[in-house]
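First, the structure itself, so that you have it in front of you.
Labels run A, B, C and D following the written order; every chain starts at residue 1.
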Amino acid sequence: MTDTSVDVEALDRWIRRFAEEVSKNKDLLTDLDSAIGDADHGSNMDRGMSATVAALDEASSQGRPLTTAGALLKTVGMTVVSSIGGASGPLYGTLFLRMGTSAGDVEALDDAGFSAALTAGLAGVVARGKAELGDKTMCDALAPACAALDASLAGGAGLSEALAVAATSADTGRDATIPMLARKGRASYLGERSIGHQDPGATSVALLVNAAAATLGSRP
Amino acid sequence: MTDTSVDVEALDRWIRRFAEEVSKNKDLLTDLDSAIGDADHGSNMDRGMSATVAALDEASSQGRPLTTAGALLKTVGMTVVSSIGGASGPLYGTLFLRMGTSAGDVEALDDAGFSAALTAGLAGVVARGKAELGDKTMCDALAPACAALDASLAGGAGLSEALAVAATSADTGRDATIPMLARKGRASYLGERSIGHQDPGATSVALLVNAAAATLGSRP
Amino acid sequence: MKKLINKTENVVSEALLGMDAAHPDLRVDHEHKIIYRGDDRRPGKVGLISGGGSGHDPLHGGFVGLGMLDAACAGEVFTSPVPGQIMEATKTVDDGAGVLHIVKNYTGDVMNFEMAAEMAAEETGVNVLSVITNDDVAVQDSLYTAGRRGVGVTVLLEKIAGAAAEEGRSLAQVAEIAHRVNANGRSMGVALTSCTVPAAGKPTFDLPGGEIEMGVGIHGEPGRKRLPIASAKEIAALLVEPIVGDLDFTGGDGVIAFVNGLGGTPLMELYLMYNEVAQILKKSGIHVARSLVGPYITALDMAGCSVTLLKIGPEMLSLWDAPVRTPGLRWGV
Amino acid sequence: MKKLINKTENVVSEALLGMDAAHPDLRVDHEHKIIYRGDDRRPGKVGLISGGGSGHDPLHGGFVGLGMLDAACAGEVFTSPVPGQIMEATKTVDDGAGVLHIVKNYTGDVMNFEMAAEMAAEETGVNVLSVITNDDVAVQDSLYTAGRRGVGVTVLLEKIAGAAAEEGRSLAQVAEIAHRVNANGRSMGVALTSCTVPAAGKPTFDLPGGEIEMGVGIHGEPGRKRLPIASAKEIAALLVEPIVGDLDFTGGDGVIAFVNGLGGTPLMELYLMYNEVAQILKKSGIHVARSLVGPYITALDMAGCSVTLLKIGPEMLSLWDAPVRTPGLRWGV
């Protein structure tokens, strides 16, 4: 099959869709963070993604459009790092920055390139946050999503289909955080009491992967 | 008719009965003070009257019994002044101190003597607090009670009967504070909003006069 | 009611044990519930005493020390001290130069301090003058009522009169500046919640979800009226307007602007309110010479704040700036 | 939610406007939300920076000034500042002697400060060292978790390291004493109510009428367990036991005992708690060399308190006693 081209416009659509989903789910994310954290994941992510959309708008309106996948993803990463703070700022920031580095100065990524970029992002998150699988963090949704994406593509699926599988894996990973005992982030302070609650970061990651499935898979 | 003798024991019974009534009505007095004051009239009066009962107990247990009406009432007044504070401390204290001065070094008061003492007490309260009738204070229960006591005795009633009339007047005076606009004490800060609430001090005064009716009227 | 206390009857005495333990600079007479300066005073200095119901911390005990009070008498929660305490403190701090009583205008406080002054003068001949603070513009003043409450100005007055006494001024002079501070200060408060008096066990008043109580004092007394919750900007205007409507604060050397927390409101909100107040003052042509922001005269756990403005000249300003070393206010030393 | 605020998004920036207006001694960079010392520093002094989520006032902005911090970076409420802010502050306060970052151990704080240090070093070659406070014994420590939270010790550390820097010690020396303070301090907190994050609009957790939450931090995170409300004496024991069980505080020159209010608890209750804590320490043979009682590291409007003990020697004691002039702590100057 022909590779789907994930070009700059597609990435832009993805990020904007993610921003919309975060905004819609702001209260949910904050409620989840109230139960096992400090009640700010929704406002953190929403502040970061609104700033990101504003940065994307500004870049194009000022006539210096982001012409490569690397440039776009790095702009997203830098904006996230410099507007969120907290745990999610550096983690999401690193995710996008590393994706940008992996993508490089190309106008579009092929399927494998996108998958490789996402996996590089995951590696960055792990390097920064030192979380292991099962620690009840965003990694518990991101890692299975990366693995599913990679495996589906390797098995011959198209990006559309592979991202759909990845989104399902992210959802499953998110749900699987419920019975986990948190060992990283604020939720770890609760010890046993963290059990029975869904991790807010894994929840926002599932939104991110679902947004990818909804925006990236289609051939132009 | 023969005068009833209000002796030291009778006065002691009166004060102790008042202390009991205050203790029973502590929450009521505090609730009334919550509505238009600072929520402490019950605990103030209860602290003062408990201290007073303790002072009376101590005097007799230490073998220096209070042998005159004046001595007993002054002990009550001093204890109240030195244990209550707030508005009710100096006011009730002055009431009993002036009663003591009026009573003097006698073992027992006759009807007119008791009435004169109570009226002297009222004069002390007015001198100390400068309240006028209708200002929504303890005076609005105490003044009608004094007047009724005096008038009944002058009309030929015995102390028992006269105190019963005085108690009814105190109750009526207390109830009449409800529609008043407060012009003295904390309730005055509320302006119009003080209307519709019963004055806590008038309520405790009604307890005092009712306690007198219940303990003083009977011939030994 | 959830509070960090043992028995409600012992709240005041146990808090005094804690103050005593935490502040080696203070000396506490636990029998009489009096907090004294523990350090040496200038010989012949006028004695400054205040006191009142407890529950307003750091007022008054937290303002005992060099450059401020010599003694503070702690009453029960929201109940003025008794004459015996005040008399004891008066006799103890008198050094021959006389004693000033700083009294907030509440019926109970006024009467108990009055009786104490009478008794002390009779017993030892100590010369006592009193100043009564009555700065709360929420209360309509009249000859026929209890008059205005003493609130925020009390803090500023204790500081300024304290500095005057520390300088060695006479009793008459210290009393004069104290009266001047009171005459030039006005306050207004707002509550977002009631407070809970420990012995009462429940909030003094109910304040439904979306309402605030304008014109409250510092005892959980209900205020003058209820309003729906408004923005900090609107609330600041509602607090400042009646103050500047009552006294002209423009011109001269400006004001001390004081945003006070009532106990349950965090500092962040007080700073935010101070910003609004400062902006209004600027627009009104009122120069802020000094400011004070924080919980200094509180009403237990009440959420809310009060604003106090004090019109000052060079003399009051230099007394304000003079060194002070107390648990609640400290600078220059 | 009833708060003295305007729009929830502007709470932090508007509170900073108020701090700026109220404290002429400070300089505030509103664009970057950084509070700087406004007075002159010793040339070549090591720079001290801290910061974190807002809502803990007076920490950190209220501890900027002579003898304490050079700059504090304010994040959103309960959200650590971003690397850009921290980098900006780092570059600004560096005077050639290097900069110490004082970071509370939260994943977000640690990562953002880490990124900032990397970026600042890369950009200007400034020498940055970090100390991470992690004194909260409520949290079980382990190599495999986020570890213990940084709470009350942060206040004491900022004071002591600040004095060391003011003395002219080198970056390595200041970092060394800072690490020593952290290693010798332990804390434990209790909440009587939750706090309400402005942007969330409702309490972070529900605490039914008669319950308290043991082992809370300073962000409204739920604690380790719920208990029925108990007396101050019992609660003090529940706070002190895990602290003294974790580190031996007996012997030597004693401790700094710190009873901290979480924002909504009045000073009277804190003094009452301090009395209980002091009695327990006495019975345990722990000498209290210095004490601190008040709301210094808060969690918005949360009612409750924390206890911190810091084991000290003569060096730390003299650094603690050294002059400090900040809005939140001030003495000796």
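Keep in mind that, in the parts below, contacts are C-beta pairs under 8 Å (C-beta built on N, C-alpha and C of every residue); 3 or more make two chains touch, one makes a residue touch a chain.
All figures in this text were calculated on a predicted structure; none of them were measured in a lab.
Participant: If you apply the touch rule, which chains end up adjacent to both chain A and chain D?
Facilitator: Touching chain A as well as chain D, we find no chain at all.
Participant: Report, in whole Å, the distance between the mean C-alpha point of chain A and the mean C-alpha point of chain C.
Facilitator: 55
Participant: Suppose each chain is reduced to the average of its Cα coordinates; what separation in Å results between chain B and chain C?
Facilitator: The separation of the two C-alpha centroids amounts to 33 Å.
Participant: Cα centroid separation between chain A and chain B, in whole Å?
Facilitator: Comparing mean C-alpha positions, chain B is 76 Å from chain A.
Participant: When you check chain C against every other chain, which residues touch at least two of them?
Facilitator: Within chain C, no residue contacts more than one other chain.
Participant: Edges wherever two chains touch, nodes for the chains themselves; is that graph a line, a ring, a star, complete, or other here?
Facilitator: Contact pattern: an open line, chains touching in sequence.
Participant: I'd like to see which chains touch which, written out pair by pair.
Facilitator: A-D, B-C, C-D
Participant: Mind listing the chain D positions that touch chain C in their complex?
Facilitator: 2-6, 11-12, 14-19, 21-22, 54-55, 57-58, 62, 192-193, 209-210, 212, 229, 231-233, 235, 263-276, 278, 288, 291-293, 295, 298, 300-301, 303-305, 325, 330-331
Participant: Could you list, by residue number, the parts of chain A that touch chain D in their complex?
Facilitator: Interface residues on chain A, with respect to chain D: 30, 34-40, 42-44, 47, 81-91, 128-129, 132, 183-186, 188-191, 193.
Participant: Mind listing the chain D positions that touch chain A in their complex?
Facilitator: 53, 75-84, 106-108, 111-112, 114-115, 138-140, 142, 144-146, 149, 197, 199-200, 204-205, 217, 219-225
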